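Heads up, the next two complexes both have chain A, just with different partners, chain B and then chain C.
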Partner chain A sequence: MSVVRAAVVAAGQSDHGRRFDVSMAEIAREAIDRCLGSRGLGFSDVDAVVAGNMEMFEGIYLVDQLFVGALGALGKPLYKLNTGGTVGASAALACYHLVASGRHRRVLGVGFQKQSEGSTQSAITTVGDPVWERAVMAGAIGNFAAMASTYIAESGVSMEQAAKVAVKARRNACLNPHAHLKLPDITVEQVLESEMLAYPIHRLDFCPSSDGACAIVVAAEDLAGGLCEHPAWVHAVATAHDQQYMGDSPKRLAVMRSLQAAAKKAYGLAGIEDPRRDFDVAEIYEPASYAELAMCENLGICAMGQGGALIDQGVTLIDGPLPVNPSGGVLSTNPVGATAMIRVAEAAMQVMGEAGEHQIPDVKRALATGYGGNAWTDIMILARERPRPDAQVSA
Partner chain B sequence: MSSERAVAFNREQAVRIEQQITLQYRFAAGYYATHFFTALRDHAKILGSRDAQGNVMVPPRPVCGLSSLPMNEWVEVGPDGVLAGATIVYVPFIDPMTGVQRPVPYGFGLVRFTGADTSIYHLLDATAPSQIGVGKHVTAVFKPREQRTGSLADIQHFRLLD
Partner chain C sequence: MVASDTWIVGLGEARSALARDDVSITELAWEAVAPALVDAGVGLGEVEGAVTASQDFWDGRTISSMSVNEVVGGTLGSEAKVAADGVLGLGYALARIEDRDQRLNLVLAHAKESQGDAHTIELAAFDPYFERQLGPDESVLAAFEAQLLYARGVFGAGDAARVVAAARARSRVLEAVSVDQVLGSALTASPLRVLDRAPLMDCASALVVCDGDRARGLGRDRVRLVAGASVTGAYWSQREVLADGGGAAAAAADALAVAGWGFSELDVVEINASYAYQHLLVGAALGLGEGEALVARFEGDEDGGVSVNASGGWLAGSAGSVAGLHAVVGVCERLAGRGGRALVHATTGLAGQSHHVVLLEVAG
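And now, the complex of A and B:
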């Protein structure tokens, strides 16, 4: 069976933030209209739709039925996914697979979430196993804080080093017209003086709750060049899961087994030998400042235990050797169902040369990751160059 | 998009619809959890499941996540353990089991029972970061027998030993 080469050819985002002025359907449409509109496309140019949403945040469990019109899926296949925080990337990977398999030629991916419509912390309780975990949950923040403590014990990273990540994100966000939390004058001291949510996580170490949507179009090789001057060709997609319960991973965050496994697969497919050298930009799913440093270690961007030195040396700054999250990242914008698709969209925009004020010069290869649920990972690698006809892209 | 709207739209006066939905669930705990919670409730014992390679998992489960082998044996673990992760939570959080806000600050962490290869989250008897730390020793404090119902909440919290 031959595999069709595929590329991300368009991306669009809503304005992210507290969006009391739009319904869920309308915020999805805002992203879709901008995505399709950027290439002069309409719904009739889309063969199938993949939608990503974490239903429990809004408590609407048939978004694929209720928003079928808004999502442009009347009379077409519409596949809805929920894989937790990963879902936007899972939807992007599904778009890729639908095109690569030859099943469809132009697939629209949409991720959307309105955190403001429900209780985020209560909804996150429903992520936990009802028998084993819910009785003693402490929300996303307590969970991340405990994970961060393990990472600190392993890597020796300091509060100041984590705060530098928080500063980088919110300054980068000022260059992104869609970002939620923009703080041009933020300092390390302000991060360290912000309210302690759960030791060692300060308010400014953590992501906001956002309303937002993101859309992409993945097209087959014979159409991609006609839709977009510089398509973002898919060179690798990979997914890996860890064990099911929150305490199963012996060194959560410090040693992220699913991230390591997915990266190993994806790097092998795309011929990545040294991620710091071979990528020009990375958009990774960092819901907390500490997470970005730990994820950079687990992705091989630096050696294990060197996350603190990585930010101290400025490697991941927007003008550094390998910018990480020039969009401002999850720390600046987190509409959960859209968040991981935003990573893919931002990586694609960088490859397409359409990232505007936060464009990194001359991007040839970009990394996007999604992180969700307890500890699982999606990875997509995008590049300016078309893959070889016989290249294996999926593992 | 606003420029395309046929009538004026004041964003500040956009309508929001308030709803509260109460849903009731009754989860079948199954063989593994039933045996675990019965031992916890009746005997204040912590049980893990073990596979043929000797891996021990808490919570107990049908298949080992490390070996993918079935877990057909039971073994007692704890009640002592070490912290694999720990935090002091300051942000108000509604306890999902009671609907009541937990008093802050409170300790929260991942406890690896002596004899187990995995950890569970639970509450810690600590209110300051100086009291907690990865690698510190803890022990389970059980509720009195008459208050135990067969739930992880039958463990009141974990007490720091170091």
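And now, the complex of A and C:
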């Protein structure tokens, strides 16, 4: 049980895309200023900063130290995390722990990445074992291609069903002022006709490479209500990983052990019995179209093997029974250091009722996930209702 | 905020050396984790969460903790990584325990610096457009800072050399060196010489940390982690704040305020920085003395006062990310049986930009 109940009380994002008009520090600051400014806060109101960035992507070692001024961390504790695709969610979880422990009362989380200034795929290739893996599974695309092939074989999902996810994401993105890839007229046929990057992943099945930043403020319970009319209370945080070598955990997309484990922990903490019924919206970290379907299965949103049917039935559309990624998701915006924090921020915005044109009506409970190397999975569950004082929140 | 009821119940370290070519990063980490678990009397399956500390650039890969998370209980379990000294990781673990959900955490810091090229890595910490073309690395930046410190006329290169000699005399893994050897070693960036800097090492340190109830249940409530604090300083080019040690003093003051201790109540102070002159800078900022009196403290000539770097600290053999946690292990071992209060200081960043502090109380 937490000592102090904690809530996300503010969220801000930069405009995502190929941002040649700003530096890394400036794009981080764009998100921070929008986040803090939305509540009339300044750096002096922040007790500690948690920064998420994958520094090898831009090739800047100790990037948090270089940008200490832009991050507002001068004279304060600065926790720099770089945990891969999850890093923004890992940073959000750290914000939660630092507040829930009573150590700090207002913590600023910042995730940022400017992929146009580096070679992301080169850096991601280094997650593989240099002898056994790097030559055959370079970058994120190769990894997801292998996983998607397995997923197709195991579940029978079709390329058309995956393409529907890609279409959904880019159309939803048109309602999100911050999103990178907005394609209002995209069709399933266009996805299937787009360049094959690595079988079965077409170019439009995969996430873009974005420049962008996201910031959130997590506050203690005695401050939250004064900062925000409807704070997004943290009801559960959970993390799980799989093994280092992909061969040690076969069928990684078909059977996502870490996602199942993290979901089991988080759902238990938050009292989620039927995720499709109990959540009003979900922001899922889906770098590839296939991943969203597999993740919905492994999160219990549908039965295993029914991911394809889920999209066919329109369950996860923005006007469906459980909208998934109304923001456009990772498929529309992917500044890696910020991407998982965007999931948390978007879930919080939905709970706070501040998601603008992609607001889902009457959101009471939202799910956010992060995903990355070692099948690293972070989950955060946010709700409009305050958790019980004695509730256990993290696992 | 009040003093923490968090305890260090297990210690473990890998065999450190200039190069551990016989092991992978994963194996090196396990060398530290395995004895820590045995020391605590717990199995890997009982670890509820882990925090690791390492740097991607030094490990030559992104998500450097992927190499170790299966040996810290991360497979289907919870692990998070800070890119900083392990003392900041310990501070994060403290928060994860204090919120009363993850009652037993494993903290691991690891580095295999023999695999990296220091100049190439450190060059990448500088602004890519305006600074890298000049070819700077940490030695150049440290030299700027040392020049500022020495220009005040209180300390000089000879004082820093005495700090190195004192540290190396206490080292378990590095050969002793004399003051003359330090002053006669090759110039890297004026006024600094090769032996002014801690050598690159391969090492790993691990702690098992838990809340009071669990520690007492394990019968291991001997070392209390009372408080932690961290302060980040300005980027190196802001010369007016370079070389003032203010971040270290502020972090120490924050931690002492939480503990409700006075600085004079400390029995042990361990300062960890990669260059000898930084020890003088931080020591002075902490109020350990000035001039000859401070240098003498590093040589162990204190007259019944606080013990300063009795382990030799980073200069006696450790690595970036690991040095602070290594010092925590050393303090726990040294105070076992006789008890005492300790402050362990550590740094992250070029020229010690970030300062991290933890306070320990060891039962007698």
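What we mean here is this: the second predicted complex is superposed on the first by the 389 of 395 C-alpha atoms of A that agree within 3 Å, B and C clash if a C-alpha of one lies under 4 Å from a C-alpha of the other, contacts with A are read in each partner's own complex, and residues count from 1 in each chain.
Operating definition for what follows: a contact is a pair of C-beta atoms (placed from the backbone, for glycine too) under 8 Å apart; a residue touches a chain by one contact, two chains touch by 3 or more.
Computed from a prediction, not measured in an experiment: that's the story for all the values here.
When both complexes are overlaid on chain A, the residue A:374 reaches chain C alone and has no touch with chain B. By the document's definition of touching, of the two partners only chain B reaches A:121; chain C does not.
In the superposed model, A:243 lies in contact with both chain B and chain C.
By the touch criterion stated above, A:59 is placed in contact with chain B and with chain C alike.
Once the two complexes are laid over each other on the shared chain, residue contacts for A:190 go to neither chain B nor chain C. Of the two partner chains placed by superposition, only chain B is touched by A:136; chain C is not. In the overlay built on the shared chain, the residue A:33 is in contact with chain B alone; chain C does not reach it. In the superposition on chain A, A:395 contacts chain C only, with no contact to chain B. In the superposed model, more residues of chain A are touched by C than by the other of chain B and chain C.
Within chain A, the residues touching chain B in one complex and chain C in the other are 59, 243-244.
Residues 1, 26, 48-49, 55-57, 60-67, 69-70, 74-84, 88, 91-92, 94-102, 121-122, 124-128, 229-235, 247, 250, 348-350, 353-354 of chain C touch chain A in their complex. Interface of chain A with chain B (complex): residues 20-21, 29-30, 33, 59, 121-122, 125, 129-139, 141-143, 145-150, 152-153, 195-201, 243-248, 250-252. Interface residues of chain B facing chain A in the complex, by the touch rule stated above, are 1, 9, 11, 14, 16, 21, 25, 27, 29-30, 33, 57, 59, 61, 65-66, 84-91, 93-94, 96-97, 108-112, 117-123, 129, 132-135, 151-153.
Within the complex, the chain A residues that touch chain C are 1-4, 54-57, 59-62, 64-66, 68-69, 73-84, 90, 93-94, 97-98, 100-103, 117, 123-124, 126-127, 238-244, 257-258, 261, 372-374, 376, 392-395.
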